[in-house]
Structure formats: C-alpha cells, structure tokens
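What follows is a set of structures to go through.
Okay, so subunit A shows up in both of these, paired with subunit B first and subunit C after.
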Partner chain A sequence: MRTAGIDIGSITTKAAIVEDGRILGTMVCFSGYNASLAGTTVYRNLLDDLGFDASSIDRIISTGYGRNNVDFADKSMTEIICHGAGAHFLNPDIRTVIDIGGQDSKALVVDADGRVRDFVMNDKCAAGTGRFLEVMARALEVDLDDFGSLSLRSATPAKISSICTVFAESEVISLISKGEDRENIIAGIHDSVASRVFAMAQRVGIPVPVMMTGGVAKNIGVVKALEKKIGATLEVNEFAQVNGAIGAAVLAAKMG
Partner chain B sequence: MESLREFHEVAQNPYRYAAELKDRGRKILGYFCSYTPEEIIYAAGLHPMRLFGSKEHIHLADKHLQSYSCSLVRSAMADVMAGSLAFLDGTVFPHTCDSIQRLSDIWRLNTNLGFFADVVLPVKLNTESAREYMIAVLARFKGELEEHFSLKITDGNLRSAIVRYNEIRGCLTSIYELHAKDPSVISGSDLYAVVRASMIMDRDDLAVKLAAVLHELKQKQGTGRNSGKRLMLVGNICDHPDIYTLIERSGAAVVWDDLCSGTRYFEGKIDPDTEPMTALANRYFTRPVCPAKHVSPFARGEHLLGQVREHRVDGVIFFQLKFCDPHSFDYPYLKEFLDRAGIPNMMLEAEDQLPPEGQLLTRFETFVAML
Partner chain C sequence: MAQIDEEKKKRKFKSAGKMRDIMFEYYVEAKSAGDNGKKVAWITSGGPVEPLIVMDVIPVYPENYGAMIGASHMGGDLCEKAEAMGYSSDLCSYARADIACAPVNGGPIGGLPRPDMLVCCNNICGTVLKWYEVQARYFNVPLFIFDTPFCHTGFSDEARTYVRRQLNEYIAFLEGACGRKFDFDRSIEVGRLSLQGQRLWQEVLDAAAHKPSPITAFDAFFFLALIVTLRGTQTVVDFYAELLHEMKEKVAAGISAVPRERYRLLWDNLPVWYRLKWLSDKFASHDACLVADTYTTAWCGSMKYIDENDFLSSMAEAYTRIYLNIGVDEMAKTVFEMIDKYDVDGLVMHSNRSCKPYSLGQYDIQRMVQERKGIPCMMIESHMVDERSFSESQISTRIDAFMEIIKQHKGHV
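Let's turn to the complex of A and B:
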C-alpha cells in the first residue's frame, strides 16, 4: 500500500510518501500565506519528483496546524499524534519525542505501539521555538543554517535571561554592543531554548530513548544544549523535519 | 431549544439584564465566588448577582492590580472602574483566595457602591468550632444586611429562601444528570449558558424557567446518539463557552465538571427542617470543597475520582484561569490521584482570552485520540 502524509506547519509544509514500510520520498517547502496552496504544491512536486500519478496513492492523511486546509486528504490528525507515529516508525524503541517547530514546541511520550500516552505543548509564547531562533539569526546577521556549528565553537556561552522573545532580542543586541563573541551569544541562545523546552518536557517525565524532531532538530547547537539538560543523548536523524509527514503517511496505511 | 434563548441572552449581557431589574426597582448585590451565602441575600428581598467581569476594559485594572492577579479579579476591577457596575447597591466578598481578599480591600477604598461586606468564612471545615464560627459569620452577615438596608430577615424569609434554592439547585443537578446520561440532549455551550444565567437571573423567575428546560429535556431524552469520549472539566471558573464547542468538535463532550462556575455552585442541599442559619452553615460542610478550603488531605482527590467513576469519564481536562494559586497548588496532587487510577488528564490554562483556536484544537484532538 502506498500512502502520503502532508504536514502543514507554521513556517514550512512537508510531504512524505511511504510504501510497505519504506519511505519513498519526502519534500519541504515554505508554507507562506496560503496553507492550502502550500499543501497542494508540495504534494504535487513530490509526486512529480518520484514520477508517481496521484491515482497511485491509496490514502492521504494531513497534519499540522493547516491540516484542515487539505481538501484531498482522507483524514486529518494532529501533528502530535503524527510525530509519535513517525518516531515509532523510524525507531520503535523511542519513548519520548521532543518536537520543536516554527511556532510551538512539544514533548510527547509514546508507548511500544507508537501511541501517544502523554504530551505537553508550549502554546503561550515564541521562546523555545524555531521562530525565536529566526529572530535571533536576524539580529546577529548570521545564516540560521550556520547557527549550530558556530555555537559549538563557544567556550563560555553568554547568559540570556529573558524568557520573552522580544526582550531576549534586546538582550542579544546589548551583548552585541558590549562586544561579546558571536559564538558565545549563539550558544547562549541555544541554552535558552534548551532550558525552556526542558522545563516543559519534564512534565511528561522524558523516558528514554528520546528522539528530537521538527525543523529545529537540524540545529546541532540546540540538540547538544538539550542533551546536556536532559542527561541523555537525543536521536536525530535525516528525517527530523519531515517526521510528522512520515507519521501521517504511516497512520494512513493503518487506517481501517 | 427556544427555552434556552433567554439563558443565552442573560449569560451574554448580564449587565443589561441587571439594568432592567434595577428599572423595576430591585436592589442588586454583586458577589464573587460560590461560597457567598446567597440565600440570606435572597431572604432580605435583595437580588444576588454573580460577577464574572466583562473582559471589556481589562487594562484599566492595571492601575490597581499586578499582572499576576487572575483575569476574573482584574476584569471585575476594570468593570467597576469603567462604571459598568453602577447598577450595584453593594458587593459581597467571601473569604476564599488571597486575590479576592485583596480585591475586596482595593474595591472598598476605590468604589462607592453602598453596601460592602467581607464574609470571613472558616478555612478548615472539619472541626466543630468551625461550624460554630460559620453560624456566627452568617449571623453577622445577616445583621449587616438588616442594618444597612433597614429591614428584618425573619426565619420565615430564610425558610422560603432555602426552599427556593433547593429547587434551583435540584433542577440544575437534574439537568446536569440528563446531559451526563446523554450529552446530545443539550450542547455544552447551552448548558454553560443555563448555569451562568442561573447566577444572574431573578431567582423566582429562574426557578420557573429552569423547571421548563428540565421538562423539555426529559421529553428529548433518548432521541440523540453520542458515541464520543466523555470528559470532565476540573478547575476554578470557566468563562469560555467556546471550550465546550471546541471539545465537541474534537469528538468528545464535557459530561461533568468540578468547577466553581459549575457543580460546585449548585451541589449540596439544605435541610429545610433544621434551624435555618444552622442549615445554611451545614451545606458548606457537606458540599464539595474548592482548594481554598480544607476538609481532609484527600477530600478533593477522592471526590474527583468518585465523579469520574459515577459519570464514566474517559479523561479529565484541568482548566484554570492563570495565576490562580489555590488551584495551581492542588493540581499536582489531583493529577497524581488520576495518574494512579489510570485516568488520562491534561492541563489547560487561560486568561481573559483562550489560547489561539488552532493550538487549542491540536491539544484537544490529541487528547481525545489518546483516550
């Protein structure tokens, strides 16, 4: 059976196609203003990329905040459920998934069947999200893709104490004007994100092994900072950003 | 249901309703919290009206209150400053949480609404001296009303009030029970409007209209189907009817609650045959407690588990207004009770506004899918 998952996030939209337990392809594009269009486009492009006809897809599940904007999906499910299913598909031993996306962060506990048992979600502010990192990258004039490697060069991370994104940006600007090394500031930003996410994730207990998913998992600096807080290594794989879409495709195959 | 329209109107525009009552010559006492001895206010021929705050000019409260005061306290303060509560002939503050007490002080110093009373209730409800003290507190409140409004509250007045309140509370309980049996007979937001309006409307008029709603619901019984998950809402005050709608959209229904704007308002009957003041006091010792009161270390947890079992609840949503310290302190303990019993639960906090709908739906849908 060939199934697809479409994950419309706040910043990026992801698609994945799975067949009989194998990932055939994935794709990412920006969500932009029109979530529905982004969903259609990323799905079409992935089909074209793989040389598939839409009729060859047996079932589609949409997920993410824009999940109800995909009119050709058979069903929609929340990204929390899909991230649990995706992580379980990639490694059935995983018990905690920490997903940091563009506008929120989540921690969820999955059981041996990949079912979500408990979850927490930061829906109050941008601190501890991908958007926070984007704001900081702009203030520092650094490409976000270089954030991770730059921060690893820091010996003494700066201290960012504000928990509000806007105030933290002011704090970063003060550090810049004081002449603090860019590496140290970025490492401080990563520590700040890790502290926020760890504080929240503790509420579900964080059973190991832990997988990190979502776009922010691509940032090695945040991953290392979070590993230090949790006291365990985080499994991060090449599918971190598209994990929700993979989970949606996996769940589509299980639909009765 | 046509009979529900007035409940919605009153719930949405309580101050307009109050203005109409005022025009008919009624004297209105505003109150906070379900621990207010409403029966005595009613017995005095005054109209007791619960204040929720309209959330309209909440920023005005910043002049007097810190941002860590809950949105109920801030919103009520803002309303009185904006002049929206000018219809009140007085205000009653029962002693429950710190914020309501401090609001009482600021209110007394900065408003001029006539009657003002702090009803300093006992905190520990498991001693004989607390019972004596409670009776004395209620008697003092009665005396204050009599003096200020130059009237006499007789035992006969109190007995009629007890009969009326038993009737109202009995009706609300029956409506809740019908809904718990078959959630499709009345939607969550309709039920919300009924209970909320019950704290606002003229109680004699209310008793008639509640009985009519109950009668109508009984006719409807068994006509609907509802296979959704059964949830319970537990917390302080729920002033957000959209929560019920969003939960229903997520494939579940709130079949019972432990809210001060829900069952804690109407649970507990008053014995009509006991001496009235003693009977009134007794209800406070038997009704389910809020976390600002103490009966035993396990009372709230055991009550919660009892309700979960009685109403076949699949999952519990803890809902509270942010910065409510009594409820926040009780949350880990109540969560432990549920976790040990294997009852899934989640926590949701809100202020004067709910979190964005998209994220709220994500949380509700995930929770319902977990059950």
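Let's turn to the complex of A and C:
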C-alpha cells in the first residue's frame, strides 16, 4: 500500500510518501500565506519528483496547523499523533518525542505500539520555538543554518534571562552592543530554548530513548543544549523535519 | 433537516426557560430591593448564605454576575478597564470584571444592585478578601469576613470552634445591619430547604452516571445558577425537583445529551464562560460528552458534613471543607471517586489563570489520575472570563489530539 502524509506547519509544509514500511520520498516547502496551496504544491512536486501519478496513492492523511485545509486528504489528524507514529516508525524503541517546530514545541510519550500516552504543548507563548530562533538570527545577522555550528564554538554562553521572544531580542541587542561574542550569544539563545522546552517536557516524565523532531532538530546547538539538560542523548535523524508527514503517511496505511 | 431539528428539540431542556424566568425575577427583585424596603448583601459564591435568607436579605453574587459577563463576551473589555484602573492582568477575571463594573454600572443587566452590606467567605480563595475590601470602600458599606481555615485533611475541634464562633458574629453583624433579631426557628426551615436543594442538585448531577448521559457538564454549568444564588429557598427545591423529573424522563426515553455518546469525560475547574458552545460543539464532534465536573458538585460536595437537626452548627464544617479549601490529596480523592462514579474515559483540566486555588495542584492531580486510573488527561490553559487569553487554534489542536489518544486508548483507531 502506498500512502502520503502532508504536514502543514506555520513556517514549512512537508510531504512524505511511504510504501510497505519504506519511505519513498519526502519534500519541504515554505507554507507562505496560502496553506492550502502549499499543501497541494508540495504534494504535486513530490509526486513529480518520484514520477508517481496521484492515482497511485491509496490514502492521504493531513496534519499540522493547516490540516483542515487539505481538501484532497482522506482524513486529518493532529501533529501530536503523527509525530508519535513517525518516531515509532523510524525507531520503535523511542519513548519520548520532543518536537520543536515553527510556532510550537511539544513533548510526547509513546508506548511500545507507537501510541501516544501523554503530551504537553506550549500554549500562550512562542519562545522556545523555531520562530524564536528566526527572530534571533535576524537580530544577529547570522544565517539560521549556521546557528548550530557557531554556538558549539562558545566557551561561555551568555545568559538570556527573558522568557519573551520580543524582550529576549532586546536583550540580545544589548549584548551585541556590549561587545559580547556572537558565538556566546547564540549559545545563550540555545540554552534559553532548551530550558523552556525541558521545563515543559518534564511534565510528561521524558522516558528514554528520546527522539528530537521538527525543523529545530537540524540545529545541533539546541540538540546539545537539550541533551545536557535531559542528561541523555537525543536521537536525531535525517527525517527530523518531515517526521510528522511520515507519521501521517504511516497512519494512513493503518487506516481501516 | 426536519428530523435533525426534532432530534435537537428532544435534547433541549424544557426547564431551561423556567430557570431563565426565575433568574430574571430574582435580579428584578434584587434591583428593586431598595424600593421594597429590602436589603441587598453581596456574598462570595461559597459563602454561608442561609443566614441572609433567614433575615430576608437578598443575596447577590458578583461571581454569578462574572459568569454572566463571561457568557455575554463582555469580560475582555471589562478586564481591560480594570487594568486601566491599575489592577494587574494576573488578578482573577471575576474580580477584575466586577471591580470595573461598579463605577459605570457596566456588564449585562446594567450592573448589580447596590449592596447594603458585603459578606466575604475565604473558603474559595484569598483574592475575595481584597476584592471585597475594595468594594466595601467603594460602596462605603459594612463588610463581614467569614474566615475558614484551610483543611489539608481532617477538621480539627479548634477549627470547628473557631468557625462556629464566627457564625455568632455573623448573626450579630446581620442583626446590626438589619436592625432586627435573627429568627432561629426560621433558620431551621431555611437549613432544611438548603439541604434539600443540595440533595436534589446532587441527584440531578448523578443522572449523568446513566449511559448515555442525559446531561452534560455544560448543562450543569447553566443549571448551577440556582443552587448558588437561591439555596435555602423553596424555589430551588421546586425547580430541581422538576429538572430531575425531566432528567428521568430523558433517561427513560433514551435521549442523550450528546447525539452519539461514545466517550465520557470529566471536566475540572471553572468553565470557560465565553466558550461554552464552542467547547460543547468541539467535544460533541468527537462523540464525547463531558458528563461531569468538579465545579458544579462543589455546591453539594460537603453535604455529608451537615447535620439536618443542627444545620447552623454543622454548617461551620460544611462551609470550611468545600472542594477549594482542602488539600490536593483530598481533591484527588474526589476526582478518583467521580472518575469511577461516572465511568469516564478521560479528564479535561482547565488550567484557569483566574483561579489559583483551583489550578494549583492540577498537574499533581493529573499525574495521580494517570497513575491510579490510567486514563488520558489534557490541560486547557485559559481564563474563565477574560476571553483575550483563549488561543482557539492551540486549544483546538490539543482537544483533537486528546480525543485521538482516547480513541487509540480504547482501540478505536
């Protein structure tokens, strides 16, 4: 059976196609203003890329904030369940998934069958998410992709005490004006993200092994900072950003 | 279409119209109290109201009014006004809305009737102390504070004596404010009616144990108004007897509150007053019925401490040991009992930034429920009246995910 998952997030839209337990392909594009269009585009492009006809896909599940905007999907499910299913598909031993996306961060506990037992999500505030890092990258005039490697060079991470994105940006600007090293500031930003996410994730207990998913998993600085807090290694694989879409495709195959 | 309308009609409560009429009459009477030579006392929702009824004083509840403000979507504006007056946005949204209403006669029904006295019982929270002091200064009226010590587990003899003694002071305060003696004979009758009302209210809520449930917590939030505002009167007894009858009819006819009840949930904390319909529809779309809640049972939960033959004295314990004035372990015990009694599949907790005593300890209770009862739990973060704090998209995703977990849990996915 060949199935697809479409994950429309606040910043990026992801698609994945899975067949009989194998990932055939994945794709990422920006969500932009029109979530529905982003979903259609990323799906079309992935089909073209793989040389598949839409009729060869048996079932589609949509997920993410734009999950209800995908009119060609057979069903929509939340990203919580999909990230659990995706992580379990990639490594059935995983018991906790920490997902940091564009506008939300969440932690979920998965059982041996890949079912989500408990979850916790940020609510009122976007600090500790991908958007937070984007704002900081802009303030520091650094490409977000370089954030991870730059922060690893820091010997003494700066302290970012504010828990608000906007105020933290002011804090970063004042650190820049004081002549603080860019590496230290970035490392401080990562610590601040890790602290917030760790505090939240502790509510579900964080049983190991832990997988980190979502776009922010690509940032080695955040991964290292989180590992230090949790006291365990985080599994991060090449599918981290598209894990939700993979999970959606996996669940589509299981749909009765 | 006609069939759908017919179905909807069947699920509606005939008693709802009657209750609206009773509440309307009650507010009309309270607002014209001065013209009729009656006095008005503002009282906290968990306060001992029976002595006021004995003295023929009309009790008025700023918290009930707060709920009306919330349901009328007037909370955000009023909270903003309170913040402009200098009150913190972290303060309870009932307090903010009420304080902001007073100077402008704001809110629905053009503001509450002016109080002749205030009665503040701190069994529900500490905020009420300062809130009532503010209003006592504003209206320049006497304030009686009924202090109920926090009961972590049991109820000591010292606490009993302490609270009982205050009852005498309360009666003396009322005699002074009303200029006449307290009628102890009448207090027996009022106590009897209060207890009878509470029993009936509990029976109404108990009807939800039936599968499918004829009532949702959202209905209970609505019908609650009478046991809060008019307990101790015949009106409450008559009304709940009628409602109970209607409930039994529904059960007999197999009419459920949620069309295809498949999942049964328990709600914890105050309602999100401005989102009742949205939440009700949201859960119903998942075939889930919020069958019970810890909030509406608070007005009958300490009945067991009342001695029918000595209402006034036993009231001291009953008013002190209410749900919000007990330790987390005791609260959890109540939650466990409700999970079993109503046979629920999940627990929905409203982490209410407005109500600290209710929300503190929720994560502990959640953990205990997961360990002891093994059912999924979820948390909605919001304010009961201040609609500016409700993030629809985030809450919607959480509810969807929670329902997916329950469905997985029950092997339905």
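Convention: the second predicted complex is superposed on the first by the 256 of 256 C-alpha atoms of A that agree within 3 Å, B and C clash if a C-alpha of one lies under 4 Å from a C-alpha of the other, contacts with A are read in each partner's own complex, and residues count from 1 in each chain.
Heads up, the rule we're going with is that a residue touches a chain if its C-beta (ideal position, glycine included) is under 8 Å from a C-beta of that chain, and two chains touch if they have at least 3 such contacts.
All values reported here derive from a predicted model rather than from experimental measurement.
On the superposed subunit A, the positions of subunit B and subunit C overlap enough to count as a clash. After overlaying the two complexes on the shared chain, residue contacts for A:194 are found with neither subunit B nor subunit C. Contacts of A:4 after superposition on the shared chain: neither subunit B nor subunit C is touched.
Of the two partner chains placed around the shared chain by superposition, neither subunit B nor subunit C is touched by A:109. Using the contact criterion defined above for the overlaid structures, shared-chain residue A:78 touches subunit B and also reaches subunit C. By the touch criterion stated above, A:27 is placed in contact with neither subunit B nor subunit C.
When the two complexes are overlaid on their common chain A, residue A:252 makes contact with neither subunit B nor subunit C.
Touching of subunit A by both subunit B and subunit C, each in its own complex, is seen for residues 65, 77-81, 104, 115-119, 121, 123-124. Within the complex formed with subunit C, the residues of subunit A that make contact are 65, 77-81, 104, 115-121, 123-124, 203. Within the complex formed with subunit A, the residues of subunit C that make contact are 363, 370, 376-377, 379, 381, 389, 391, 393-395, 397-398, 400-401, 404-405, 408-409.
Contact residues on subunit B toward subunit A in their complex (touch as defined above): 344, 346, 355-356, 358-363, 365-367, 369-370. Residues of subunit A that touch subunit B in their complex: 65, 77-81, 104, 115-119, 121, 123-124.
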